[in-house]
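First chain written, first letter: the chains are A, B and C, and each begins at residue 1.
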Amino acid sequence: MTDAQTDFEPRITAFVCNWCTYTGADLAGTSRLHMASNVRIIRLPCTGRIDPLFIVKAFERGADGVIVSGCHPADCHYTSGNYHARRRFAVFHDIMGFVGVDPGRMTFSWVSASEGAKWKDVVDEAVSKVRELGPYEAYRALAPDDASATAEVTP
Amino acid sequence: MSDRYFISDADLRGLAADLLGAGTEVVAPVATDICQSPSAIAATACTLDHSLVDIDYRSLATADDLDLDRGLPQLSLKGYFLPEHEALCRWKQKGTTTEVIEVPTEFAPRVVLAAKPCDSAALEVVDKVMNWDYKDELWNGRREATTIVNLACPVIDDSCFCTAVGSAPDDVKGADGLLTPVAGGYVYEPATDKGRALAATHKARFDADVAADTVGRQADDERAAARERVAGNLEIDAASVRDWIDTHFEDPLLSQLAIRCNGCGACTSVCPTCHCFDIVDEQEGVGRGTRRRCWDTCQAPTFTLHASGHNPRDDQHVRYRQRINHKFAIYPLKFGEVLCTGCGRCTRVCHAGQDLVEILQAIDIAARRPRDDASGPAADEPAEAAS
Amino acid sequence: MTDVATAPAYTGVEDMRRIARELLEAGDVRVIIGWEHARRGARPVFVSDPADTDKLIFDTRCVHNLVTYLNPRRDAVAELGKIGLVVKGCDVKAVAGLLREAQLTRDDVVLIGVRCGGVLEENELPAALALTPENVAPRCHGCDNREPTLTDHLVGEPQPEPPRPVMTIDERVAALDAQPLEERWAFWTDQFSKCVRCYACRQVCPLCICERCIVEKTQPQWIESSAHPRGNFSWNITRAIHLAGRCVDCGECERFCPVGIPLSLLNRKLQHIVRDRYDYTVSDDPENAAPIGDYRLDDQQEFIK
């Protein structure tokens, strides 16, 4: 498996909260920590704003993995956003696993503004895990089959 | 329809095999596992009862899959001419240049075998709107490429009413030929050039010698009996129903008949004549996407939602009234055809109990009532007049 | 199967008709929504005339969850006036859901509860059959609301427990859970690819009440509207998540689905999730707050790094 995948670079989308993880990621950068460069960060005010639909959309649009990260419990800038997110994502994580989405493709974390090193670890682990799982071809195979038996359509 | 052939059971399957062997797509009723998953766990995990075998129109993999039991396929032939979703064009964009990639409008010839007459008749009804102010090349292309052979119907149950709306269990409207079961096989009667060409190309399968007083008579009797059976389900005067609906838009009868409808839209998806579609642009990646059309339903709350936020049909009974109006008044007035072929699927699929046989009966009764009261039926007239 | 006996007549029917008639005559309600017998089986009926209350029935074919007619979007029903609704134990949990979410006030509706012994899976029949393991609706097994409390009137004798179906929904969920991930993916993507996006599941669900459903949002189009597997996956997962902790397991979504997607498996799994993680079971007590929208400081977070 690994030989064919040596040139596979996972595409990871990260949905992070502005106050903690985004700042933590920034700290990782200013501290010149080396980490995998496969992650595209999308900044939101709070994990409580993250709709599970964003994750579905990321997979639809070609992400091989996603990261969702925010403030530790009790540290949410908006007091309780992350508590709501915790429940919402627990349910989402479980039901996605039930329908056959590998939980290894979804990483959830609490990373505070001072945890630049932790962000590096979260990123490196997520990228390495997804590299091991390979490109998310199964999701891409859901792409519309307009080339049905009744029409020959060139892609 | 002056020429008749006999084709044996074995030869009919042989015909399907010949067509498949020549690389022609053959669409026909196929018995289907309703769980429809090749996955190993489907049998235990699926909650649906596996003793209920559905029939669906499918592209045959082999001639053995052909189901000739004359059951009603779950969905109509509509999806083979107007797919649930289909690409209208694709685009690629780089910088300021956009390339539009057209989709083909010509299709490989294919044959539909053992089609239900109500499903084929529906295609001819919808041909009218598909060639009205705009010629729909994708619909027309598929129609031109397809030869349809009907299999005369024994009448499914008391929800069928094809004869009440101008069709019949042995109709060839919209099709190219008709098979009628007789002892040992079928009588085949081509109705169009395509139908005749099928028999000519596969001469070996068709026997031109059909004894009129035995085999021929058998076919005629079978068909007459079916027509009588279905006529017993519902008889209406379609013209007076059309005129009554057209002049009684605000009549409370129409709301009463719609009250239990949930707006689920199942009726429109199983209906062979419903053809409304939505067009959406879907991005497939950076700088590329597809414009698609997909089935839509007038029963959806947002079907007539305007950009302003106003919705002229903002409640379910109004949407249901629209469906009846479109099918039995507007379309007939515009195109001279009822937008319904009496297949009964809408009634069978409706889990809220809406019954089109009952509804048409009630409207027919209201339409035939003497015109002593200009405002419509009397207040104490029950809505469920047929039950 | 052809020798299955007809179900014995339900004892509460006369009381139900009497209560309905009295409510209408007194003007306490303007319309009674219950079930009637029709050509193809039992179906919902709207009775405004006290003389028509004899149409009301209750038997093993009365599968429909009539709470869907309380949906605030249904103006035509609201215009009929105050409603008296006949409810089974599963149905009335949906009323509790609406009360919980402030879509209804308790005074808006009079509830006539029935002590139900279970319903048929295939209900469109001319006569009500007695329940057997082969014909009973699988969701009836293990029903915890056979003596509903959220009612204004309660009719019928306590019924025997519904028979255990050939395979229970929990057993089917467990069978799926026991499979490897790829098998589950294959199963669910096959099922979702059948979807024709008719939205029957949403329309009939008593708790799908959003005035503007997320699937109809076009700028941006969050959930693709075409009925291809990718769009269908997004729709079905989103609907499932939006019902977590709210779904009452009435089974209507699956019954209405014209292509037979086994939604009851998804719904039951979601119920297990909220039960196992948050000790929550849907009941007909409106004071029992739904799990999503609520939180505790010590909620499980084993999946979070």
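Odds and ends about this structure:
The working rule: a residue touches a chain if its C-beta (ideal position, glycine included) is under 8 Å from a C-beta of that chain, and two chains touch if they have at least 3 such contacts.
Note that the coordinates shown come from a computational prediction; the quantities given were computed from them, not determined experimentally.
Taken as a contact graph, with one node per protein chain and an edge wherever two chains touch, the assembly is complete, since every chain touches every other chain. Farthest chain from chain A, judged by C-alpha centroids: B. For this pair, chain A with chain C, the centres built from the Cα atoms lie 35 Å apart.
Separation between the centroids of chain A and chain B, computed from CA atoms only, is 45 Å. Once the centre of each chain is set as its mean CA position, chain B and chain C turn out to be 31 Å apart.
Shared contact sites, meaning residues of chain C that touch two or more other chains, fall at 176, 183-184, 186-187, 224, 226, 228.
Those residues of chain A in touch with two or more other chains are numbered 143-144.
Each of the following residues of chain B touches two or more other chains: 85, 282, 292.
Remark: chain B residues 25, 59, 80, 83, 85-87, 101, 103-104, 107-108, 110, 142, 282, 284-285, 290, 292 touch chain A in the complex. Residue ranges on chain C touching chain A, taken from their complex, read 176-177, 181-189, 214, 222-224, 226, 228-231, 233-234, 237-238, 240-241, 244-245, 266, 269-270, 273-274, 277-278, 291-297, 299-301, 303-305. Residue ranges on chain B touching chain C, taken from their complex, read 34-42, 44-49, 74, 84-85, 158-159, 255, 258-260, 262-266, 268-270, 278, 280, 282, 292, 294-295, 297, 300-302, 314-318, 347-349, 351-353, 355, 357-358, 384, 386-387.
On the side of chain C, the complex with chain B involves touching residues 38-46, 64, 68-69, 73-77, 121-122, 124, 138, 167, 169, 172, 175-176, 179, 183-184, 186-187, 190-191, 194, 196-201, 203-204, 216, 221, 224-228, 252, 254-256, 258-260, 262, 264-265. Residue ranges on chain A touching chain C, taken from their complex, read 52-53, 56-57, 60, 73-74, 80, 83-84, 86-103, 107-110, 122, 125, 138-139, 142-145.
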